[in-house]
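Heads up, the next two complexes both have chain A, just with different partners, chain B and then chain C.
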Partner chain A sequence: MTEQHKVGEVIEACSTDFTAQCYELYRSPALGSLVKTRFELQGTDVQDAWLYGIVYQAQTASGDPGRRPIARGKEAQDEEEIYRDNPQLMKLLKSDFSVVVVGFKEGERIYQYLPPRPARIHGLVIPCTDEEVKQFSRSFDFINLLLKSRLEIPVEELVGAALRSMAQVYEAEKHAFLVSAGKELAGLLSADYAQLKAILKGLKNDAK
Partner chain B sequence: MTLDINQISNQINQMVGKIKTGSNERSEHLRAVMAKLCDPDINLEALKRKIAAARTPNWSPAGLVDGLSQRYAAQIAPKDYSVLATDGSDIAADRNMPAHCYLINIGTVYLHYGSQPSAELMSVPKLYFEDSELVIKDPSNPHREQQIDGSLLDIKRAVEECRKLADLASVLPPDETLLAMMDGSLVLFGMQNFPEFVAEELVDKGFLTALNTLQQLSFSRRLCLASYISFPGSDQVVNALKVAICPQQQVDCDESCQNGEPACDVLSGINDRMLFSEWLKVGERSAVFVNPSQIVEKRYGSHQVYFFYLRVEDEIARVEIPQWIANRPDLLELTHSLVLDQCQRGQGYPVALSESHEQAVVTGADRESFWGLVEEALVAEKLPNQISTKSSSKRTRWV
Partner chain C sequence: MMQNDGNALFGHKLGVVVSGSLTHGIDVKLDGSASVEDMAVGRYVTIKGQKRRFFGMITDVTLGVVDEQINVSPADASDSFLAEVLSGTITFGTLHVLPMLTIGGGVVGVEDAPQPVKTIPSHFSAVEVSSQRDVESVFGKEDDKKFFIGTPLDMEVKICLDLQEFVKRSNGIFGKSGTGKTFLTRMLLIGMLQKSSAVNLVFDMHNEYGWEGRSETGYKVKALKQLFPEKVAVFTLDEESSRRRKVSTDAVVRIGYDEIEPEDIALLRQTLNLTENAVEASYQLARRYGDRKWIQTCLNMENNAETQAILESMNIHEATFRNLRRGLESIKRLAFLTEKNGENAVDRILKYLDSGMNVVLEFGRYTDLTAYILVANLLSRRIYNQYRERTERALGEEAKPPRPLVITIEEAHKFLNPEVANQTIFGTIAREMRKYNVTLLVVDQRPSGIAEEIMSQIGTKITCLLDNEKDIDAVLTGVSGKNELRSVLSRLDAKQQVLIFGHSVPMPVVVRTREYGSAESLKSFSSLGVAEKGKQVEKDIEDLWK
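Let's turn to the complex of A and B:
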């Protein structure tokens, strides 16, 4: 994740999360990955303000809710043939992904709490670079935001996916990163052993 | 209560009863039509002359080209080809609204099949509000003008669809095999109700100029042009059979059949769709016929409209083509196979047309948003934005 390129555009936003449409079909960032979108900090001179979020949901469906996709492959050899024979599908189907907001950056400072304003519609969504992921994950305050979020995905799955995604950029220090994250989780979930266990179980293989 | 369904359901039952009573007679007439279509005694050249000389004020027989009962199987469509289609919708000028304007939304679709498949779908709306756009003026008499609304707006939209098709076809890679498609007829119906200067503007300078562009392109690249009519209601081929069955050497309905029962009555109630549903197998096309429309004969020149019927899975479609396609056997066969391929890809209806319609469509909600935006813009500029009380009563209903 070294190249900074836009993958989608915000089409719906509120203070806690936003939904973006992918520029290319099926090209949504991975579950749990950290993305950013520029936002406006009104009343300040700060030009470089970014909102950070973690991808928690991705879906592909017909761009027109009134037109459901139909089965087309009865005579086709494989899935690719269906797309080859119906090139319009690449334009009629839309991939969206939803992002839970976990903080923002104002100049050089990163805050892991909700920003004063939501993302803007048509804001470009860019996957964070390895360096940005490292900078952001110096603090684990965002885990609390994830645990408190009311999302369609089980929160254990989301926290696990986010930490595994972040751990990838640490290479040799991956184990240390996950151990620190585990300690943070143990503190936050001291009253909910079942949930803690579920998350740690999901991290176990990556921590080896 | 808006529509009393209980009241109408009785009337629907009566109507269905009438259709049922007529079905035996229709089967008989259909048998007579089929028999005439396949009559081995018909002399094609003699029938062509008889049709050309026929005086049939209430109906028009199709012109004949290669025969009546020919059936052609489709060739295999090339793997690599492109299809370009346009379709349009409009928001008509509304005198109850605060600004005088109309809108035409042209949906366009470009699909490329083969080793590098791709698709472009878009819609281009254009607002017409200048005085010169709202009316067509007679260049020889500044006091004569024709408002563009009602059926004239439909014609204007068809012209814009064809113009867009020609513009886009001109910029496509010349090495591609291209099928350019439109929905409906190539004949601009209703034009005879308007003065000559209107026809000059819309038909000669508009529609036919675009067809000229497409014809020119066909000289330098493989280009087919087809206009597609689903579930057609026309009866021009059956009318040609009526001429064939007429015992008079010179068909003249007013002269010969004012009193008594015309011989062609045994073919009544049958249209071309019913005839070719019986005759064509899936994928086959009929012989080619000439559209006898007066406006075509008078104005279309080298773009005389020909047509054939095509059997797609569950229905008969009418495919209209210009003379310059009909006269080239290679392009005619290519048109047949590409239109059929489009239907097969689109669950029975050409996929490019169905997608261009989706791009063009203007819904009731779109209309409301459009007029809302017009009102907002007028208010922002502190301009009068009064709408009629009729319009306002429709928006705010009360009891």
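Let's turn to the complex of A and C:
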């Protein structure tokens, strides 16, 4: 939870999601990984309030919307050489990632519904530790938030990616974790067997 | 995961109540962890309602899906992950449970006595496999009145019949041939011997109850007289057969022609192939020549003008008379019938019954229905009359009421079918029940043949497997939850499983009957300690166990 772990900074936020810019180009957290950022709970004494989100989108583009990158590698041997020859690229290009908000932590309690307030701009975004992921994934209520969110990415993909990423921290209990997550999904998607099947197929290989 | 071992299931949560009604039973959605394959119709479950617990029986198991789509493209069976996730969520098992009793939550003070169910548990009440304590609180423990008859399916709890209550009504044992009716009857007779004040009179058509019989697998099975020599007397109609089988009999029964009445002939109409008119003629003849002499007279009549004149005077057609006479001739062939009988078999039987002895009447070789119907009806009628007289006298406070008597008859539909039920004494006994301290134990394989009126009077019905629609209907007439019990009844195992319902059990119960004929079982059945019985009996019992 120290600043050493920080990967980015919030540059845009609303109640349901926020976008953060990476400190280093291409160093955005993986799709589906759980990240957190501090936020303010007004009117309470709670100092230790964190907002949890799942990375659903990452993009890299020119920092200035008016200036598109141009192809530079005609003479270069490989990609690395382009960056070596044009060190300014590292400053001109920016990597952003978007995070869908799935809950928050107030003191020791974790709530898996939308927080009363969005993240703050310039809030530091920190990937959650294994322990935090375990703590958060004790409940599967967040899956519903994911399924109901309107994102540019297909929700099946996002749910699959999120569960796979969480399953990594369970090691030996990976299978049990995925089965109970699957059951939660089955309850939520009881009316849409096709969608359920698509997600479960994505989890199958990890469940072995 | 659940295990097949019964005890491991105790208190295991199976699922939750999702719908239902009092009349049609309750639907329970199984949890994903409970496999439908571990369920069984007839098993008990306890439903934990908000205010009270409900005790019920599983009567059906179904598979359900949330989304019909899965029926169109079923999941790949080899995909264990998918199957595991889907089971209990998209695909699930449903139990149909018939609630029978409520335990607790009732009036203060009687809270533990199970009450008949008058409502159903609320939504999402948890359903568990009944614990041993629940089953015991419903069926009671074995004591000096209650007889341990067997255990529920997959449980090691003793189900007990209150035999004091049992003998107060007429009872029935039903089941297809070869489903263990005889074993069951033998066991119940032993139970009654031990735990009730009633005495038994058994009309033993196939010589199975008094002395040792054979099980289907061929080993010998000890019967009443051998286990309770001091309480059982064996009477026989066929001395020779008994001697050959080395049965120690107490008396030989002979019946005089003078003891046969027209009513007995009426009952034999079908077996003797008599016409209605022939039966009518027998009444006329009896009126003319007296109850005691008419048969003898009839058999002695010669085919001459005198006979013609007599018949004409009575308006009996010659063909009718010939028909009757042919019938009487075939009765005459029964060797236990004598022209004149010195001693009265009925009195002798009654004497034994009065002294608390149980009487088994063996039929020896006379296993045809004519003999059985004739003798059973004739003797029962006399005995019943005696009992009625004595009970009436007892009501006038002149004497002690006679000991309760249970008469066991086999092939009961021959006595109790709608055509003859009104004429036979057994119809009367079944209807008038315990007023005169005489009840029936009806053993039959064709309950549909028994008159409905009689069936409805039977207190406790114990049925082994039945698969004929009509028979099942007949047995279940007037029982609540009939349709549910139907599926239970037709799925009983062919051996050692019975469904008991009626007067002496608080709710219908499927029982795996206790062993009979094995070493331990005989020890527990026999009233005397083995030491008291002497070495010979001990050895006999040892031999039997082999």
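By definition in this document, the second predicted complex is superposed on the first by the 204 of 208 C-alpha atoms of A that agree within 3 Å, B and C clash if a C-alpha of one lies under 4 Å from a C-alpha of the other, contacts with A are read in each partner's own complex, and residues count from 1 in each chain.
Going forward, a residue touches a chain if its C-beta (ideal position, glycine included) is under 8 Å from a C-beta of that chain, and two chains touch if they have at least 3 such contacts.
In this text the structure is predicted, and so the values were computed from the model without any measurement.
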item: Partners on chain A (chain B, chain C) - clash or fit; value: fit
item: More chain A residues in contact - chain B or chain C; value: C
item: Partner chain(s) touched by A:Asp48 [first = chain B, second = chain C, both, neither]; value: neither
item: Following superposition on chain A: angle at chain A, chain B versus chain C, Cα, nearest 10°; value: 170
item: Touched partner set for A:Lys183, first chain B, second chain C, both or neither; value: second
item: Contacts of A:Leu92 with chain B and chain C, given as first, second, both or neither; value: first
item: Partner chain(s) touched by A:Tyr193 [first = chain B, second = chain C, both, neither]; value: second
item: Which superposed partner A:Glu173 touches (first chain B, second chain C, both, neither); value: neither
item: Minimal inter-chain CA distance - chain C and chain B, angstrom; value: 50
item: Residues on chain A lying within both footprints (that of chain B and that of chain C); value: none
item: Complex interface listing, chain A residues touching chain B; value: 64, 67, 70, 83-92
item: Contact footprint of chain A on chain B as seen in their complex; value: 109, 111-113, 117-121, 345, 347, 351, 355, 358
item: Sites on chain A touched by chain C in the complex; value: 175, 178-179, 182-183, 185-187, 190-194, 196-197, 200-201, 203-204, 207-208
item: Parts of chain C lying in touch with chain A, wherever the complex brings them together; value: 32, 66-67, 69-70, 75, 79, 81-82, 84-86, 88-90
